[in-house]
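Letters A, B, C and D mark the chains in the order given here, with residues in each chain numbered from 1 onward.
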């Protein structure tokens, strides 16, 4: 006689009872679009590379990042990081310092001398990229990855475009710039400097299968300002260019900069570094309406740059500048007040925007120009077959990051066009909004503050202003990522199921066991990153 | 890589964490957890007791290297886990009666001692009815004799198995089928209630602790600690019941969390009658936030609700916060009006 | 008694005090503390409910368990009592038979164990202290063979507080008769199982039937074990007049009037039998040792030839009468034997030779009613009934009677 | 079969007396049965205990209704309890007292009884002297052995030794011996008187 009948049972026998039949809703794992990725003009999978970084896998993190952007060390310095502006964590404590982690990875890669590898077989196609700025380099990189042979023609003596001739060295050290450019040339991309292209159409006839115009906007906009003959006036673009070439102009002890953009601030800060003890920025509207980025403004103020908001220059003479006070009307436009003041100024720098040098396309039929920029279709192709354009030369926000995005898009479009196809964008997943997160599971962690050189020291040389993160703080910063809308292997779903209906196969690899899942929805509610949806059972 | 920043990506509140050492991982995050209460049981969707039981018994199994015997009081847990011909348990388990789990466990422990098998440990488990009401006498005896048993009470604050009737652990104002939400004083009465953790402490037993299904790491740590001790130990776990509380099945853990964050369910540890540790409230909330999602408290809200009862309940929470020193940072006060 | 139980080597003994059982567990506590039972655990519980619960847990964990109770205590453990038999746990318990209140009464009768006749437990009744002692040894063996719990019932005070010379069994003999306990089900991590499942309509009848089947199995087993017992100990566990371990038979074979009884009263009846046989009346007494399972065949075959059967009972079922009688009637169904019930010795009232003799004489004269209460104080009752007739608020019955007794 | 009934008060060792007597009987290879009048009597309350002694096995469990011997441990019971109920005319009667039958108001009752079967023993005094406490039972048993010759003094002494720790046993044994002596001495006096 065995065990007593019925009252005594063999363990675990309830597995025979498939409670999955109770379910009216089933859980499914989803991947949503994190706001950082959504906001990145270069289309980086930020949440993705941070995930690798969190585990300390810096190389895979860097390779993940450079799938989209070949210049992390550069962008980690000069990008205005819209990703951080969009970051969900801002609602919890402070945004994740994505930009600084990107810079850490970029610098780390340089120190480790990690290189890109081209897996695609040679396509036999030759492509000409005109201009070696961010969009040109980005396009060249992505085209090279696809096996195409890329030649870049650069009018200046050195590659980099505005990154070299517009952005002062204290924001972007040249060795970093050179390192990331040479990594691209190491892929087989040829850069021909001092070779200005006079006519883009000739290049097509020359036997290039496609041409990408990445010529940027290098002409300082001139505005008419009444001035005496002896007045010393120059524009910011040339001033920065000359400085970058090592032949800075003589500015005197008092400098007035006219304009409110980032370039204006770069010019003013550069002027200080060139020996001016007083640099005044004159701008017709107020601080709130200043186009320059908050960060830049703060750094400028830290360095003792003087701001004169709500002012226009009405007369420039030797050593003197007359400014008129302005006031904003209800639409926010500045209106004259008739009140005048004079400032002492040895020189006046105009930073009123840049224009595109359109000479090399003027007589190509089909290519239309409007509002001073080259018009392109959604695939960045001009009216001329095979002639594409991007960066500052086409409509859109004029930032390096945006330019890198253009480079990538152009490369994809060109690649598709070469195969007689049209590039199709992958559908965008739904947004990973903050309200989908279960923030209980994230512990509060203060954002690392980047160490800064003290302002005085900064003002007297071209050393880099903003310091990078060491490995530990970078890791710290990376781990503050909430992994919005994407699983980060926290095992919550595996743990919180009252029916053991989640199978865990290993890190980040889960599956719902629908034989037993009753569809209670706890896993979805408790998922920290909102990566589980409940969907009605199909009856 | 051993940096002190390990837990920042996600705090130690989630079940697992890919960034920490195997050794520091929770039992529930391990694919080799014992699943003492396995799939196929007949608990309601989102059952807090099923979850709490697996959390606790798996932890005890891990702590005793699988040398564990469980005694179960009559109640939901027993009924949904062992209806003939199937059982969901995967360890030696016995059910006797509603009120005698502690005494049966005493017998098991005595027999093991007599047989020189002291390496095999005993847990007794029951709901709040079987613990604070009908099983109270034997439990007190077990405490008084300091029998080598860990008694775990899964508190869902009413007799759910019999269809939601008031128990000695039913909170003031709560609607049950024997404390209807009608009349001048709807719901369960505002009496002093029966706080078994404190009563257990009064016995001076080696270990008493409270926990909830909302903080797995805390719960597992307490079970592990308890299994590291000998003598009578008591663990009181709050397990929300979607059926009896009238809450959404997916909010089981959320409600347990709000119960502690509101101060209505203090989480603490005591040894030999003295409180040794209290879990601080991280994000304090008003009791309304906890009560509102539960139909059993619906009559307190709305046009003809009972604001006076709400403030009375808030007063209870505030008293707990003060008494157990649950909350010490004013800044952390986000939702507390 | 304690020594005999000790000789059975229980691993766990649990106790809650209640007269007249207490001194047995008191003695066991001492034996355990002196280390004479090795690692045996003596658990002082806080109620009979827990006493039986502890026994259940210990037994399910493979320990040989003993406890003892009486009267109100037995009633307080009714719930776990049914549980123990339902789970088939071979617990052995002494019941020192005692009346049940109200009115509270600490003296002997069988109301307590009789109330649990349907609990699924095996019930053995001892006639004197020698059989009480021996039946415990037998009880453990039966319990563990069929895995059912066993009650050894002995009359409170009459036996529990009587001093007589008895032969205590040798430890070696007991060990030979009672091998170490090997349970059918066990709480063991190396072979885990769930015990005490919820069984619905689909199998409950079968579980219950198997409980009955085990009792029937015991019915066949007890005679064999009784024989083994004789071989080993040189005496019959049921007493010198034991027939088959189930019943005892004294002067029954040729008797025309046969008294049927349980427990210590049988001794007194035997004296009456001798006395009346000297006067030429053919009387005999059949003692029932195993009341559960009830030995229908043994009773029937022993008593078939009698003209009259008198069942002397120390308990009864209000509203109908004899409890044992109804079982005897079942045994004697479709016979012409006249069966009457004599309820005697309730709440400790002495059952005297005189009163038994009286009953038998009535039987001879055919004046014995089917149900009679021996030595009933009719006058006392009439007074109370009269009181009830006269006033609505007649007051507490027991106290009224006591007052009347005093006022005599 | 010889039936003994012992009267006394709770705390005077009445039940013990009955048990000792039965044990003494065992010693003399006799069957014996001792049991109290079952109850929850507390110290001071009237208590009764019984003892049956026989050459044959004893089966009856009824209380002793017609005693062949009565031991009355406390003479103050004479007023409150009918201690002599059912006693046969030739029953042995032992009363613990320092008073005489007359002083106890019993002369009529004892007039037509055999004087050698009715005896007053100052058992408490004897006990007080040896045991230090007025526990008359051992002494009375010594006297019982002498007066009934049903059990031997040695058996009584053995029973006492079995029951008590050495020291107390010794003291009680002495008390029993003295009471035994007391009876025999009294009998000699009586015989002497009758021969004159």
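Keep this in mind: a residue touches a chain if its C-beta (ideal position, glycine included) is under 8 Å from a C-beta of that chain, and two chains touch if they have at least 3 such contacts.
All values derive from a computational prediction rather than experimental measurement.
Q: I want to compare two interfaces, A-B and A-C. Which one has more contacting C-beta pairs?
A: A-B
Q: Taking mean CA positions as centres, which chain lies farthest from subunit A?
A: Between subunit A and the rest, the longest centre separation is with D.
Q: Which one chain sits nearest the middle, judging by mean Cα positions?
A: B
Q: Could you tell me the distance, in whole angstrom, between the mean C-alpha positions of subunit A and subunit B?
A: 50
Q: When the centre of a chain is set as the mean of its C-alpha atoms, what distance in Å lies between subunit A and subunit C?
A: Chain centroid spacing, subunit A to subunit C, equals 93 Å.
Q: Just curious, how far off is subunit D from subunit A if you go by their C-alpha centres, in Å?
A: Subunit A and subunit D have C-alpha centres separated by 116 Å.
Q: Give, as an integer number of Å, the spacing between the C-alpha centres of subunit D and subunit B.
A: So the centre of subunit B lies 68 Å away from the centre of subunit D.
Q: Listing for subunit A: what residues touch at least two other chains?
A: Those would be 6-7, 9-11.
Q: Which residues does subunit C have that touch at least 2 chains other than itself?
A: Touching at least two other chains: 87, 192-197, 199, 203.
Q: Provide the list of subunit D residues touching at least two other chains, using ranges where the numbers run on.
A: Where subunit D is concerned, no single residue meets two or more other chains.
Q: Under the stated touch criterion, can you name all the chain pairs that qualify?
A: Touching chain pairs, listed by label, come out as A-B, A-C, B-C, C-D.
Q: Spell out the part of subunit B that touches subunit C in their complex, as residue ranges.
A: Within the complex, subunit B contacts subunit C at residues 66-69, 71-72, 78-79, 82-85, 87, 89-97, 99-100, 103-116, 120, 137-138, 140-141, 144-145.
Q: Under the touch definition given earlier, write down the residues of subunit A that touch subunit C in their complex.
A: Residues 1-11 of subunit A touch subunit C in their complex.
Q: Help me check something: in the complex, which residues belonging to subunit A touch subunit B?
A: Of all residues in subunit A, those touching subunit B are 6-7, 9-19, 22, 54-56, 440-443, 445, 472, 475-476, 478-481, 483, 488-492, 494-501, 504, 507-508, 513, 515-516, 518-522, 524-526, 528, 534.
Q: Would you mind writing out the residues of subunit D in touch with subunit C in their complex?
A: Per the stated touch rule, the residues are 18-19, 22-23, 26, 31-36, 38-40, 58-63, 65.
Q: Which residues of subunit B touch subunit A in their complex?
A: For subunit B paired with subunit A, touching residues are 1, 3, 5, 7-19, 26, 28-29, 31, 35, 38-43, 45-48, 50-51, 54, 81-82, 84-91, 216, 242, 248-254, 257, 283.
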